[in-house]
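The next part holds the structures, each set out as structure tokens.
The same subunit A turns up in both complexes below, where it pairs with subunit B and then with subunit C.
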Partner chain A sequence: MKIKLKSALENYLFVLPAFVIFSIFYIYPFSQVFFLGLYEWDGILPTKTFVGLSNFKDIFFSDPIWWKSMLQAGWITIIALIFQNVLAFLLAWACDREIKLKNWYRLIFFLPPILSEVVVGLVWQWILEGNYGLLNSWLNNLGLAHLTRNWLNDPKTALNCVAIVHCWKGFGWGFLIFLAGLQTIPRELYEAARVDGASSWTAFRKITLPLMVPVAILVAILTILGTMQAFVLIIAMTGGGPAYHTQVPVLRILASMRDSGRFGYACAQGIVFGIILVAVSFIQYRFSKRSQARGA
Partner chain B sequence: MMETTPNRSKGLKSYSGLVLFFIFSFMFFGCVPKKEESLTGKTVTIWHWMTDRDQTFQELARRYEEKTGVRVDFELYAPSDAYSQKVRAAAQGENLPDIFGILAEKRDFSSFVKAGYVSDLTAYMKENNAEWEKKFFPKALAVNEFIEGNSYGVPAGIYGVPVDVMTITMLYNKTLFKELGLDPKRPPATWNDFLAVGEKIKEAKKQGLVSGWGEIWMIDCLASNFAFNIMGKDKFLATLRGEVPYTDPDWIRVLTLFKEMQDSGLLYNGLVSMVNKTAEQIFANERAVFAFNGSWGVNVYDGMNPKLDYGVMLLPRVSDKFPVSVWGGAGSSFMVYNKSKNKDEAIKFLKWLTEKEQQVFLAAQTKNLPANKEAIGNISPIMAQFSLGLEYATHPNTWGFSESSQVTEAFDKGVQSIIIGEKTPEQVAGEAQKIKERELAKKKRL
Partner chain C sequence: MKNPLYYKTKNIAVNTVIHIFLLTIAVSCVFPLLWMIGSSLKTQSTIFSDVSLIPRQMHWENYYIAWKEGGFGRYFLNSIFYTTAVVIGIIVVSSLAAYAFSRFNFRGKNLMFYSFMAAMMIPIPGSFVPLYVLLNKLHLRNTQLGYILCMINVGLSTSIFLFKTFFDKMPRELEDAARIDGCTKFGIWWNVALPLAKPVLAVVVVFNALNVWNEYLLALLIFDSRSLMPLQVALMTFQGEYITRYHLLMAGLTITAIPIIIVYCLMQKYIVKGVTQGAIVG
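Coming up: the complex of A and B.
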């Protein structure tokens, strides 16, 4: 009994540093953010005014820009889920086959994610600039002058441009995870399928796709979490403009805190945003569990 | 499973003790920067954000130490957003340096004062028959002053020392003016003249006015200048107090001016999501006829294109009822930390820094307008043109009231919407007023 207790205590002792670090850097700040969300505070004065759930009420009922920013982040996420991940999967699939220079392609495809978001944003801003931008210059040279526009200043195109650049910047991660997933599929399965007379398309449909479902779900969750929280690229490209057309939740939180000096409100926004992300991740998790169970 | 023998375990324990000792030694002693001692053993620490002025500050610090034996450490933290956050965080932890700057609206400045972080310098300014106070341009000092009965509830006094002065006004490219067949000695003085230039710019397929209107405070600046000219200061301030609605015809007129500028081809294509740095680059590269920028631009343009031939003009007059105004006053100011152990040394240094000799040096090196009146005679012709704007200067920090940041954002983002043709001036005014009413109600509740 004594030995068991000692062993248990030892185990707890080993877990203790991780628990302390987690508590200091995650649990305590989170609880503080929640409590600050119940106050009106400018981030400077030592006194705070308790306002209860008023900040949360304002977010839900009096802040249409916040919800617009949520919808816009959602739109960028949908584009990323579809285009970024499909592109990442197809390129990973191509690189998994016996093609020439496949290592070279792997290197090239993984370059965008390792570039600085600010640099990427500024380079694309220059490409998409309305007066002297590279894209408009190409369109003019191709005789498509009627298509030229100020891509980042036009409300019809600004958000989609940001979404496309985000996809370009982020597809390398998905590519890498998909490639790793593809490489875990035993080659014997494909050989057996070929012996049974299955075409490449059938092998892809019946072997590759089903075995890649868990990987696809993981990539989807990471894409949702990463895209919903995107903001550096957006600051560099449009600063959230024109007007509110490329605003996303993190930019709104930053604006509340930095520009308006409403720390309490910004904390409440952070809590609401965090809960939404956790809910989305949970739904994804449940969905993946169910798919896996069905697959088994 | 591999098991650890008692001997090995003992050895590991002694090694881990050694490792822990080194880790803690580094933590406690390794992070403390070694500073050279000054002759008097006194050191004044200043946090600043002015990248372009850092070298000059370092040189001035060297001169001061040579003269007094007091060491002055200028520590640069840039960009200004990061600086601002650092100062706020340091204030919370009561770790502010002896001297620092507050890059925020008057509302936040007042919070710093009320929290007891900023020293009241009135007594120092007033001593010896107000010798120090009299050295400054009154408008520069006013930015750092809280008057009796101010709406922020701060005791009246002077809480900051202006280091330089700025004005934000209109600039025009003389070379492009000539190309358009305009007289570079006669920039447009009235609104109609200005719009007429816009038509010429459109015909010549050039670009008109450039400014960093992605940063909404620049829009706010121009809009309040127009408002002062159209409705006068009293009505403007009455709006801030909530006594005049934004749906008032005068405010609709202010918003309509932005639409007129856009319609007449006066605005640079894409300026609504542009940061001011980009705008400065465009004007310096002679790609825009006009710029709306501050006097700090003299240094920026000189660095980017020393051959740029440009002039400074007042905003075109929209109405004859009230004078035209420009934003102006203290450009950069320093505050003294109220709990600093070196408070007296810090104040002595600021007195020295704002003396004529140092101000002339600072102005010559950094091409900014000096805060000391006596130093203004030694500035370049283009800076002298900017200094003329001081006569018409106003600044939000001198108004005694601040507009709610939500209203300001709605108004300025609304201006962006007008420029991109998404909303009408009436719609924007209505939306701003709705938020104003909500904020007023909230203020009453609190």
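Coming up: the complex of A and C.
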């Protein structure tokens, strides 16, 4: 009996450190978000004022910048979904064959993703800098001086510049996942198609594309969740400016907390944003189930 | 039937187009990094006028200045310290838990395991707010320990998942033999299971090391003191204060990026493995 009890206690000792850290640094803050979202609190005073759902009312009816930031994150996400993922797929498809330098390409395409967003953001900020940046001096040398501008300070271009750099940094992920997916397609399928007289374009359309649908959906979900929550790159490139033109939701949450000192409001924003993210990935998941059922 | 020459030319044409496409993208990946290194070797005055990639005069002393006066030496050592401490912590804590989840039966096991897995999938964008409050209350804010514990938590779920998948597939004979020889459970975990888990250990180490080295948000919230800051936060602070000293900033960026690039080139195999496995989880 004693031995049995000791053994059971030992089992718990194995998971204890993980569980303690997880409870304190994940579960507790997670539950606190929902609690603090109902209060008005500056984070310093010992007293919190219960305000019910008024934080949420503020978000929905009197915080246009919040929704602007949501739209902007959505815009970056759409660009990433189209531009970044199509590029990733084409590169993976090009690399999924006996081609020279294949391993070098693979090494290089995953270089931007392993660098930090701070490094990437600051390097690109220097390239796109308005007065002495490399892009503008190239445009000047090519006789295209009329195209030069202060890329990251111009409301017309700032958001798109951020989006493109985000794609530059992120396409390597999609590339690796697509490549892994392509390599699981049995070569015999292609050979059989060729024996049957199918052109390589037909084989691509009838074999490669349908088999890659589940992988594409996976990449799309990862892109949406990753891009909607991206913000460090933006801090490094524009700091959210000019005049809120590159603000995204996480930056707003950070600003509510650090600049306005509204901790409760920041939590409420986090809840709204979290629910939207979960809803989006749930819809995607259902969509993928349905298309898989149709494909089978 | 068209003649074989037609197919041969077509093949060469297709291959050329593909190579041009791949090369263009590859150059666009590497070029900004070369520009960063090139800029770090110019001076305060040439950096604004000289647009050549390789400057005529290499000012290597910029690195010395960035390291000493810019304080990047200090921040570099901080980053090394946090990365090492967090990775060691994650290995011990997550492999212990994963081993129990894989081998033992106890009450609440499934609930615990699935809550770790759920944490990997549910996004909570606002949770850093209460975390900040909590760290303040526990007097862990602006301390090294506070940052290390937070970062261990960040890497925990994925690492537990990776270890557990590996342990589940690992044959149990060696562990049984060790048990018959009178080895304790902890002894078996440390002497038998962990050494056998080397392949997954490498993935866990590389992934978490990259993650900690590149982390920004928590470091920003936790550290006020300059002497405790890791590189990422220090870079942003430096940029905010010396807005025109681009050559030193670029030297700082290079100091930050080079270790990661070296680790990546050496450990590429494990990173690719981690990405594809991690993607399957998500």
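One rule holds in what follows: the second predicted complex is superposed on the first by the 268 of 296 C-alpha atoms of A that agree within 3 Å, B and C clash if a C-alpha of one lies under 4 Å from a C-alpha of the other, contacts with A are read in each partner's own complex, and residues count from 1 in each chain.
Please note the rule applied: a contact is a pair of C-beta atoms (placed from the backbone, for glycine too) under 8 Å apart; a residue touches a chain by one contact, two chains touch by 3 or more.
Quick caveat, the model's predicted, so the values are computed rather than measured.
If you put the two complexes together on subunit A, you find that subunit B and subunit C bump into each other. Of the two partner chains placed by superposition, only subunit B is touched by A:Ser62; subunit C is not.
Of the two partner chains, subunit C is the only one touched by A:Phe30; subunit B is not.
Contacts of A:Gly43 after superposition: both subunit B and subunit C are touched.
In the superposition on chain A, contact of A:Glu10 is made with subunit C only, not with subunit B. One of subunit B and subunit C touches more residues of subunit A, and that partner is C.
In the superposed pair of complexes, A:Gly130 makes contact with subunit B only, with no contact to subunit C. In the superposition on chain A, A:Gln284 makes contact with neither subunit B nor subunit C. In the superposition on chain A, A:Phe109 contacts subunit C only, with no contact to subunit B. Of the two partner chains placed by superposition, only subunit B is touched by A:Asn150; subunit C is not. Note on the superposed arrangement: subunit B collides with the subunit C stretch 236-244, while the other options among 92-100, 110-118 or 236-244 stay free of clashes.
Across the two superposed structures, the residue set of subunit A contacted by subunit B and also by subunit C is 43, 131-132. Across the complex, subunit C is touched by residues 7-8, 10-12, 14-15, 17-19, 21-22, 24-30, 32-33, 36-37, 43, 87, 90-91, 94-95, 99-101, 104-112, 114-120, 122-124, 126-127, 131-132, 134, 137-138, 168, 173, 176-177, 180, 218, 221-222, 225, 229, 232, 235-236, 249-250, 253-254, 257, 263, 266-271, 273-274, 277-278 of subunit A. Against subunit A, the residues of subunit C that register as touching in their complex are 15, 18-19, 21-22, 25-26, 28-30, 32-33, 35-36, 39, 47-49, 51, 92-94, 96-97, 99-101, 104-106, 112, 115-116, 119, 122-134, 149-150, 152-153, 156, 160, 185-186, 189, 210, 213-214, 216-217, 232, 235-236, 239, 246, 249-250, 253, 256-257, 260-261, 264-265, 268, 271-272, 275-276, 279, 282. Residues 81, 84-85, 88, 91-92, 104-105, 107-108, 111-112, 114-115, 117, 207, 214-215, 268-270, 272-273, 275, 287, 405-406, 409, 413-414, 416-417, 419-420, 422, 438, 446 of subunit B touch subunit A in their complex. By the touch criterion stated above, subunit A contacts subunit B in their complex at residues 40, 42-46, 49, 51, 62, 129-132, 150, 152-155, 158, 238-239, 241-244, 255, 258-262.
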